[in-house]
């Protein structure tokens, strides 16, 4: 029996170490001042902001990072017993899903009114805190003049040289915009033409951007801030690509938001409300503008230099959280065979 | 005479007719219940949509197309893994390949490379590689050890007499060896096939839409759990077919294994030594060398700053802690099941063994959500605490551990247990004093396999870890998610380094028993 | 203790393996269960040990009914085919496995009994095959079981080793005063070792008795040919005399008349030289034939003779006979023969 005991002992060492380490932190404690945030936004991007939130509000903030949609699925499974007080989502769709299931509490009108109506849930259950624009990333070495509309991407000269991410929520929001603005038939035609033109599928925006920088793609459909993040990480020299913000009401100029919603089942609603107020305040909005290169959504906070002004991006009119619409988008993408 | 015994055994299978002792049966049934619970969850969720949704989801041409593609991918990867695993095991165990001990260890090390890391490194270095080919490449390179390890073990224990008799009768050596290796190769192949069917991360990086893509899309895009559940059940069904097919292949053959490593087997002299070296070396370079070099390159080249040593340390401790606990629990649950699988026949035994595969056949997110579902309702105090995560690991990695226990129990003859019984030991005492100590090295190998697999696990860890806890895998996910490859590199490197330790143990074991050169 | 197996039946998947099998082994006796492959002897053994449950019938050890008991409650020691020592335990711990902790004296006693005193600290793989088998016996005897079952225990041994290990095992069993059952398909082993022999065929014990009496008076033709060698010839019996190609031979099957077979033991044949290759046969030379083959074993020899009638016999003679293949010889039969009517 001694080898068996030895195995158990060997396994117990890391377990014990880890248990002690976990206990050393005293574990999470919950009181009225506590706030559990489920964050679908990347830890690297928002944890400094949430630290600031902690400092500014004195809240005891616990953050659970994950994928926005997976966290939404988790909250849907948790239902009334959710541990989340605040859901910080990467995109509007996940917030809309929770809102539709009646899991989100109404946000006070005063808070909602701080952002333009198109950047918040129509039922007032969630509010956008930062904006991101759909852009075309292009390689100036091979594409001297970037296209001015997504409809130009079906041009045979770009055959096999365009990248997109059909499973990405932002992309799907863009397709929804395409359907709303241009009509179902035109949207389907465009998707099929793109597919026929050899448009390459990628799992996410980062991969598309990398492929353009590596010269493997000429063009890609992404969110604008990925490009800025990569420049910050690797330096301007490592990022030969450039961004094209599309003019007018082109569906490719859609402005999407990351936003927050307060869980109805939250036992710390006042704390959650405090956090929402903070995220819509000047300090947080400045953080989005300067650090994540996103668009601040309240008036009075300047967009980062180099970005076109939010007002100048007209973009399509769209209820970002309209789920029925999202489902139609999904079945369109499935019909075309993209997801 | 052995002929006498063999014919007696056909009519009177050893212990096969015996009842399964309650001390093994009860924990096994509970484990089976645990392993099957995700299917219960899927049934609940699929049922909510009614029959209409199920029919709609299943009749989509895309569903069929992707199911076919997933099965195709699994088939191709499995065949390649069997070819690679068997050839490497044969070269390492039976031939005079120079440096075969080193190659034996290297052949197990791809286990330490998370498939999503391998996929990232390949895509970053060779952007042209993608789709089906890229997925086949990455999945094959990451999972051939699942075949290599059991086959190498079987080869070292194979009775040379049978081989010699067959050779003297004019059969080709390789054909004879292959037939004998079928059970171990099939068991390894099964793990590979199931792994590929449930895999999502690497495949999505390779930009290939497969069956699991639909499940993820269903969660991510429509937030509708019903189609996802229907698809999950279909995946379980596909896997069940594969499991049954494997059980048919295995048949009674698994019982032909010898008790102890035979002595005096000749080492086969290779004629094409250069070719064999190139094959073994090339595989090691692609599967282990390449990701290591890539990560090294990221480490050197990344300008991402702000690596917090405290954060890294906490992630290491948490990773080791949950994975070790996962390995311990999984092995503990696998022992009764593995013993039953090795020593008993009949419907109950088959059901128990096959139920262990349920968790392995589903994508991590499905397991995780089912745990959320059950924990919130019935085990609220455990929710978002590490014991629940550890339990999820047990469900995910049970088949590997059960397989290891079964194989190692099969290696000692059941007559030893009968002797112990005749000397007054009750069934459970016999397990403790005879079966387990003899099977111990194999059980340990199973634990090592679970340990390293748990270290790499991502989707269930993300959803079930205690709030605020980060493992190396979740940190890696965070860093790559924001495009910070430089910052991701230390986590990837550490993860691979730590996982290489049990990987090394497994590789060493594969060459320890082989005949001396 | 006395072992009593009564009317035990067992079938696997509808195929009967044991059908009303009964066996009694008296206390202190060494009984051999002898039978060909697949006759059910291993199943019988597994039912006695408790690894299989009988469909019908009972097993008693001493006064105790053990039919439904699990193996660990039966007090039956087993010595398996290939010793099956616990490879992870020393010899002493193997022997002490069935004893309470600290029974060092009993372990030493048992090792002494099998002639392996001082081997206690070795590991099983350091022993020869014969030594392993003796340790297995010591291990089985240590807890003083009611019955010891030996399952073809000498199969894995070299022929040369077999005889000595056999003697050692018999001696140790006798010294321990154990009731023992030896299961084997080797009639030489059974006849030479056992006090009584039970012949098993198709799931039944067909004959039980002392080795010599089973050999001398086999119950039927099958037993006659299975136990020892026998030459079988067609015959017709009238008034205690069987007529066959070897002439009219007296037999013991009183009252049996009509067609049947005679069985002759090889040592019953008496060979004699025929004077002159083509000379007239002398009356006492019996029938004539030609030597086909001579197998010389040293102490004795086996001579195969092709009779003029076309039948072939194999006779045992002293080793120093002068016959060579091709010689013409006469064959006579000594003593009464076995007759089995059809």
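Labels A, B and C are assigned to the chains in the order they are written; within every chain, residues are numbered from 1.
Just so we're on the same page, a contact is a pair of C-beta atoms (placed from the backbone, for glycine too) under 8 Å apart; a residue touches a chain by one contact, two chains touch by 3 or more.
What you are looking at is a predicted structure, and each value in this text was computed from that prediction instead of being measured.
Among the remaining chains, A is positioned farthest from chain C, on the basis of C-alpha centroids.
Chains A-B form the pair with the most C-beta pairs in contact. Rounded to whole angstrom units, the spacing between the C-alpha centres of chain B and chain C is 51. Note on chain placement: the centre of chain A and the centre of chain C lie 85 Å apart, centres being C-alpha means.
Inter-chain spacing, taken between the CA centroids of chain A and chain B, is 34 Å. Taken residue by residue, chain B touches two or more other chains at 437, whereas all remaining positions touch fewer. Annotation for chain A: no residues touch 2 or more other chains. Annotation for chain C: no residues touch 2 or more other chains.
The residues of chain C lying in touch with chain B in their complex are 12, 15, 17, 37-38, 42-43, 46, 49-52, 70-72, 74, 76-78, 80-82, 84, 86-88, 97-98, 139-140, 143, 145, 152, 155, 185. Chain contact summary for the complex, chain B toward chain C: residues 1, 3-5, 7-8, 11-12, 14-15, 17-18, 260, 412-413, 415-416, 418-427, 434, 437-438. Partner chain A is touched in their complex by these residues of chain B: 60, 62, 65, 123-124, 127-128, 130, 204-205, 207, 209, 213-214, 216-217, 219-225, 302-304, 314, 317-318, 320-325, 327-328, 365, 368-369, 372-373, 376-377, 380, 383-384, 386, 432-433, 436-437, 440, 444, 447, 459, 462-463, 466-469, 474, 478-487. Listing the residues of chain A that touch chain B in their complex gives 1, 3-4, 7-8, 11-15, 17-19, 21-22, 28, 36, 42-45, 62-67, 69-70, 72-74, 76-79, 81, 83, 93-94, 97, 167, 169, 172, 200-203, 206-207, 209-211, 214, 216, 226, 229-230, 233-235, 323, 326-327, 329-330, 333-335, 337, 339.
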